[in-house]
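Working notes, structure below.
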């Protein structure tokens, strides 16, 4: 077997399949040997190498698109039929990647659910080692109360619930509200890192301020309270408001128009939500980003180690996943499994929220990004 | 062995068991709703919360002991019957945790195998994103060639193969040799982070020096070459030799005898193998340690987040895993799944090698250590 | 003002004053010995220990107050009589600490000057290894152009010029403008770390936008451009605007009113200006802060390692330096040398800008803070 | 020796010398203005810019060589005439750079002294914020006791006394001993960062073991005690022994002979003494290195920001400082002020110890290295 780079050595992948070792002649001794592997709870590498250590990542999770109208419809029907309260804790309906059945995982690391809270309903308080956030594609009227701090949820906002922070939600209005939750539940579950604790049946502070105390203390550009100067493992900002995200993206595109470097690639503005105490990711396991493409723009095809979930926030366009083009419109969600090549195409101006397991990839030194169209690797990863 | 949370003070809350939400009355609408969840590839949280987010880690991996004589026996028989070479790559027989069947994983993150190389055999070169090391409990005569540097393998040595380093092994003697391999194969596989590339059919340098070039450059206490001052993600030392490990442990016990702080707890010496470029773990995903207990010593019971694999290097004693006591002797291996309480008891002086996924736990901020006998948490973790 | 150690519990030892060693009998041999020390360019420690290694820091810099009306008056007269241009480079008049004569240093590390630019004048471009910033206590109309990016200067703004960034200033109006410059000039000079290079005679971009490109890219709370994710040694934000500083301080005091932790001590709000790429200080050598005291508030007396310069931005009150109380009003500047005890007292609501060499102190592990009234050391320093 | 920038390509700009600003016509008003600058404790930048902010570093410290026979002779005579004891504390004779008179500083940051202890003499214990080490070019028989741990001092050893560690020395033999001390005394003094405290009149542990407890715990290659895993600001290794330094250097040259990368440049082996808890420098303010040149080797000329002190340990050769060549032999010391070009030439095999203020330079982001012969800057610095 040769590792022929001419066919793109990285992705020749699976065509160069890993054959088993020169197979021995069948014999009774060999049969006994194979039986004994299992008897003493062992298993030989050479019977499983192809699956276990593929040439390039070969994810079970598949590229997949969920439609917002389907999700919103089923969330509403769940709201009518299934009460929320202690025990079930949340009326959250997870995106179940068909490649990962029977789990309800979006990717091997990421959980994503639509959560729905009817008028004046409360989701009781609890806390868990799992890190969480919420992102709002439409609606308002719910306050998530994080360690006692009520945080208004509005369209375009990203709301943080770091691991082990108590949190509950209450709907202060006569209208239902739906949003998406992102968590590292699959990762924490499969690694056996999780803890869970119940809290108050009702939220501990039922006030409904337009900004949280955490924002009043921390959400000032480049300014931090002198009373809290240590680096914190998760962001202390509970809400990243849409007005700031929108403004940051708009300015990137304007700067591009004026001839200055600002965008990620032509016509493609993007921001990372960061932890102001250290400039790093908002959560130890999850990165959150927001992308805006100009109408007609197209991103370079990328292979990236690690998986991500995207939601269209506004506009329409398409995602090309492993060569398959899928049209997208407001609220639609899709997953990009590890190393699956992807690119975005904007019909109208096209706004998308993204979260990924990039901190896991990068803190453990597995990062690689490959751009097949220009046949190059980005710096910072092995290639 | 059961993981009974009722004996665990931190799980007092767990008496409030996670019931399902107030269940709605059965109805055709409800049936249609549940059918539609699956139809649009979704799954409600409230049907799976107990399993998905337990009160404390509830690992599928079970505490388990493998006997060295069983492993060595089956490795020898494999040596007689199964050739080694390109395709199967290695004559490695993995420890298959019965709780994780049908995989051959030792824990959700760690792979551990006994590898066997007959007289004058060669395991061909390859490289992979997975990080690896070898630990030798007996024998000698094999050289592992890491990025072209031949590294002798002898009893008590820890040999490193960081991710993406080319490596092969060759037996330079008339005797077979067996050792254990440790890798982050389960983690990398399940996360879809892995890459693999074939290399030379034979090792690229067949010399058999007693020390590797990497040791000559890097294995001097507190001294590093001025020509290579950047922090490196994996250790540049290819071999941690037994004589140094033994001496470090012996000195800790002598210092304890003289009344000075040195040991981890009374009668329990322990070292961490470290990366001299930054003082951190040898590999981005795996920690390696060596422990020595005085005859008769017993360690405090501990719950720790994350899993580990241990091998007895010398002496005899016992491991108590979740209350079950198992006798151990030279070469025996056992796994400690996440949060399973464990303690060691030394019969004779008792030497053990350990490796774990602690860097994954700690870099992603999930660390907790709980000492039930004194009902306290160690600093640095949430509690 | 004297730095009386007898009032300081940590200096109890200082009653044992540092005498010279048991002095030898005078003799011709001894005379020759002392002559020979000098002859071979050496000097014995025992003749200089008291001065060289005092019990607590014994700064030559003295606590000192400069009056804004004096500074503004002399800056205007300089504007009338002394042209600005290539060679002298800046019409900047440095605060010369009387204890540090004949230098014009404010402290051993910090330079502070009032700079004055007449109508339509230009200070030509240059760059230097020294880090710099400007702070505006009154006026507007000048643009500082930093690496080609025009940055408007307005009352309350902090404008950054990191080391080796080209910069020039031009006054776009018919009015003169004055502001203060802060630099690490004494440190860089005395350490011999400095480089200097001339640039354009005129500013390279004479536009006069209300916000700089750097702000448009970077000054969004918790959001950073995805195109620039590496940690940078100096902040990429060229201007920290007064509206955000004011809002952050106002919110801290409101949160305190509401019963939540936010202020540094009762009635004392304070923010640190930070580098959004890593959450650290804006410049490698200088920390910048803004403090607001409620009318009537008084800060705890502090001894701190390292020196700082303060400017009153608004309101009136007093600074007590080593027991001496000095009244302060808008624009007044004062220095706090290392370890000199200080506290602030607010008459009206009292706003002050501060910069210090805290990054030098902390990155090199010399930090100590001592609160004599409660006889305790703050964490993080030796005591 | 002159620091002629005209020979330095990076200073091409320096031909545009820094003239004063277009000078105004003399007038009574101007006289009054200049008088008033001083009256209100200010000083205009334009009268001092050339000296204050030169084109390249223009150190007052001069390149200088001290002869070991001179130093040893005067140390012996001091031993005969000047007692050691409380008050004077140490019989240490500092190298006084003629350019820095009247101080006894070797460079603006570094103190270097020869210390001498007669038979059975004791230098009493004290501690100070200043960081210190000792290096032994010949002799043995003294133990330095650091925080109660007796540390034998022998030829070729580097002995550490981090800031605020209690320490005293005692000579356990009938022979005197001399060695060099290195401290950050000038830096700490001029920055006003220093604290000092007296300790025991005699050393607290008069034992004379051949290795210290710190070595027994920490000086094992790549192995650290599991009981002490946090990063420490100074190295916990009290003694770096000659046998390891020598071996590391010898191996680098052998690896070079075998064709492998190991040396800093051809024929030039070099190691850095490091802190095993983080891989960084041994002390927060000082770097320590050891260099070995093959007979006949010559190093590339370098300009470096920051200053250093060197001592010849063995062999003979020359140092070229700013173009002036000086012969060197065993024990001779010399200083390289900031940015002064230097290169070494080996007559015999040539061993040199070096310490520098590189951690100050690098932690505060002032690093630049320029190689004039190849007209290039090394990575990591501005250029």
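Brief remarks follow.
We just call them A, B, C and D in the order they show up, numbering each chain from 1.
What we mean here is this: a contact is a pair of C-beta atoms (placed from the backbone, for glycine too) under 8 Å apart; a residue touches a chain by one contact, two chains touch by 3 or more.
Everything quoted here is computed from the prediction, not taken from an experiment.
If you take chain A and chain C together, no chain is in touch with both.
Common neighbours of chain B and chain D under the contact definition above are absent. Ranked by how far their CA centres sit from the centre of chain B, the chains are topped by C.
Separating the CA-averaged centres of chain A and chain B is a span of 29 Å.
Inter-chain spacing, taken between the CA centroids of chain A and chain D, is 51 Å.
Among all residues of chain B, none touch two or more other chains. By the document's touch criterion, interfaces exist between A-B, A-C, B-D, C-D. Against chain C, in their complex, chain A makes its touches with residues 213, 216-227, 229, 231, 235, 237, 240, 244-245, 247-248, 251-252, 254-255, 258, 260-264, 270-279, 282, 289, 291. In the complex of the two chains, the chain B residues touching chain A come out as 13, 16, 18-22, 24, 27, 29-30, 33, 36-38, 40-46, 48-49, 52-61, 64, 66-67, 70-71, 74, 77-78, 80-98, 104, 108-109, 113-114, 128-130, 163-164, 185, 188-198, 233-234, 284-285, 305-307, 337-339, 357, 359-361, 363-366, 368, 382.
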